[in-house]
């Protein structure tokens, strides 16, 4: 079997990181006054050109908040967050900046049902994105034509162009969401649990599609997931988050083959696999450290 | 992983198939049997009103004083009023204003209310607070009072009353649409459009508005019923449409005097038609409201 | 041979619709013996959840159900309302994917747990609470007395799912129907909840029908597996996971990424409706 060596991949592209996060912190006002919730605490990482970095963690670990801060859906409480040297920590004010940001980082949401406008046709959804980023002079027809090409490249042929999202399956919808992201020709695509809501058979297709996209063009993924098997399949490096903090990081293959940190061990120990038996949480930790 | 239950999926799939068929079928599905009956009745009344010159057997204003207050006969199917005018013809002509007046009220209120609501929902913060304030104040004043104030300033006429009522109906539309827009605003597809770099105006009109449109229409139709009653009431008070123009509210009023003289035909006919119109509009509004809710 | 606890024989569920019928359960046959656990595995739309609904007769009235569903020899489809109520409340216990949707958010956990014992079985309130505390402790809920006074929204998903397990155990059923009980949970909570469910089930000798999309999880937790596709069980037995024989099962197992090794491309399922129909036609 042809295994990909992440070392080679990041090594080959090298260069300066596209995304740099330093001491990132996010505090939400809590349900009770003067009792804030620290969602993200002192998180640092770099995302290099043409690599896939996974952020792994359980619910409430803050992994999605990190991703949302990167694209400006959440403000940054403290710390530095920059894309290609330009800080994003202050948030975005002007429409022109927002559009420029969109050409750098795109986002694919978990739920392909609610992340597409149910009243827009598939072709229109992608064409809207194309028109926003194609620069001046692109006519409506050109945008449509380009949208068709992009849809075709994610495996949705001509017959899907005039369909509405509700006429599509979950996997097809997620392809539309990916096509919309590709329309901006971004350097980074954030995939926020993008395959978590899909059936196993569909999940495999989307994971392959994501690999194909990376084979064809230079793009980095920030892959947010709780699923270690999926992360193992797609990512080169990973960071592990627990309760807002990064507890472990390294090359995905090495980290999963021989986890050292107790939390990573217990996460790995909880994944069902051949010969596995469910164990209680207390024993999971014990088993993991043993 | 969230999997919607298989059954709801299966049912949804079937609904999708239905949704894929034509506009007429879709509308019929949304209205249900009773709603379709109501829509048909309303359509007949509206067509008769629109083509009143062709449909009405007599000139509605032609007084046949010799035949005043005659009962139903082959010549005058519903009889004549105190001035000998054909009641059926006046009903048909009167429906014009009874439908067009409130229609105009609702169109103005819906456009203004929807724009206000979308603005408040998208801008949020102070804009939203300000809009909510204005709406609350408008809410506190009954619609008919607006009509009366307008009449006090500009004198009694249909235009004045329509203007006054239109302002009164803005908050009813705006409140519902604002709530729906705020819900949509939080949906990932709106975040996605924002992340694409679409402008606020673009998002509001291409993303949010199409998704709240069923609610806008439902609310508009539901309000129409109230507007019909209120406009008729203002006419009844003699402050709206001025005689001799045929109007159902006015007919109830002039017929009211004849009732005491033992000739209830005009008042009953005009009153019944108002009730029928309001019933139809209300039924359609209810059906549209519940189907708009079930879409989300 | 003795009658199994639950027996489904050629169960069909047909949805009658304007302009045609749709068969969503297409001849499902399975058995679960006393104290045995069966994992019913399938992707969305395969009919696995419909099967549980059919077993408890909770399908939408728009469905026409034929075939035989027998619980302890009694035909479920011909039960009268009183018998059906008894069957649902005493004989089977249900655990769902989203526990939050199945508890009343304004009732305290204690009321939720003791309500049916007090109301339907005439158990004294104090006694019911005592039993609830014991059970919460057994399913690994710490400070059970305090939990009884809390509201569902104060509990995490994993904790609430353990409360659901306790509530099912309190009713002392003979069969547990668990419909994707861990799908909404994190892996560690999943492991925890499944371990507790298995422990308690074995200790009490309860039968389990475990519905899931996760073949690996089902294989780890159940005595036997049944794999569903398009409303039919394509394969069932004790060694489905180790030695799958049906093409769909084989491909499904291959499509799942592994935590141990990375492949260049994941094998994609070629098995589809057309293949399924073809195989069906060949078999008959």
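Letters A, B and C mark the chains in the order given here, with residues in each chain numbered from 1 onward.
Assume a residue touches a chain if its C-beta (ideal position, glycine included) is under 8 Å from a C-beta of that chain, and two chains touch if they have at least 3 such contacts.
Worth saying up front: this structure is predicted, and the values here are computed from it rather than measured.
Contact counts per chain pair peak at A-C. Each chain gets a centre from the mean of its Cα atoms; the one farthest from the centre of chain A is B. As a whole-number value, the distance joining the C-alpha centres of chain A and chain C reads 32 Å.
Our note on geometry: chain A versus chain B, Cα centroid distance of 48 Å, whole angstroms. Rounded to whole angstrom units, the spacing between the C-alpha centres of chain B and chain C is 50. Those residues of chain C in touch with two or more other chains are numbered 44, 213.
Of all residues in chain B, those that touch two or more other chains are 1-3. For chain A, the set of residues touching two or more other chains is empty. Against chain B, in their complex, chain A makes its touches with residues 71-73, 95, 98-103, 106-107, 109, 111, 114-120, 128-129, 132-133, 166-167, 177, 180, 184, 196-198. The part of chain B that touches chain A in the complex is made up of residues 1-3, 12, 16, 19-20, 187-189, 191-200, 206-207, 210-211, 213.
Interface of chain A with chain C (complex): residues 1-4, 58-59, 170, 199-201, 203-205, 207-208, 211, 226, 228-230, 232-234, 253, 256-257, 266-274, 276-281, 283-284. Across the complex, chain C meets chain A through its residues 43-44, 140, 157, 186-196, 198, 213-214, 216-217, 219-221, 241-242, 251-252, 255-269.
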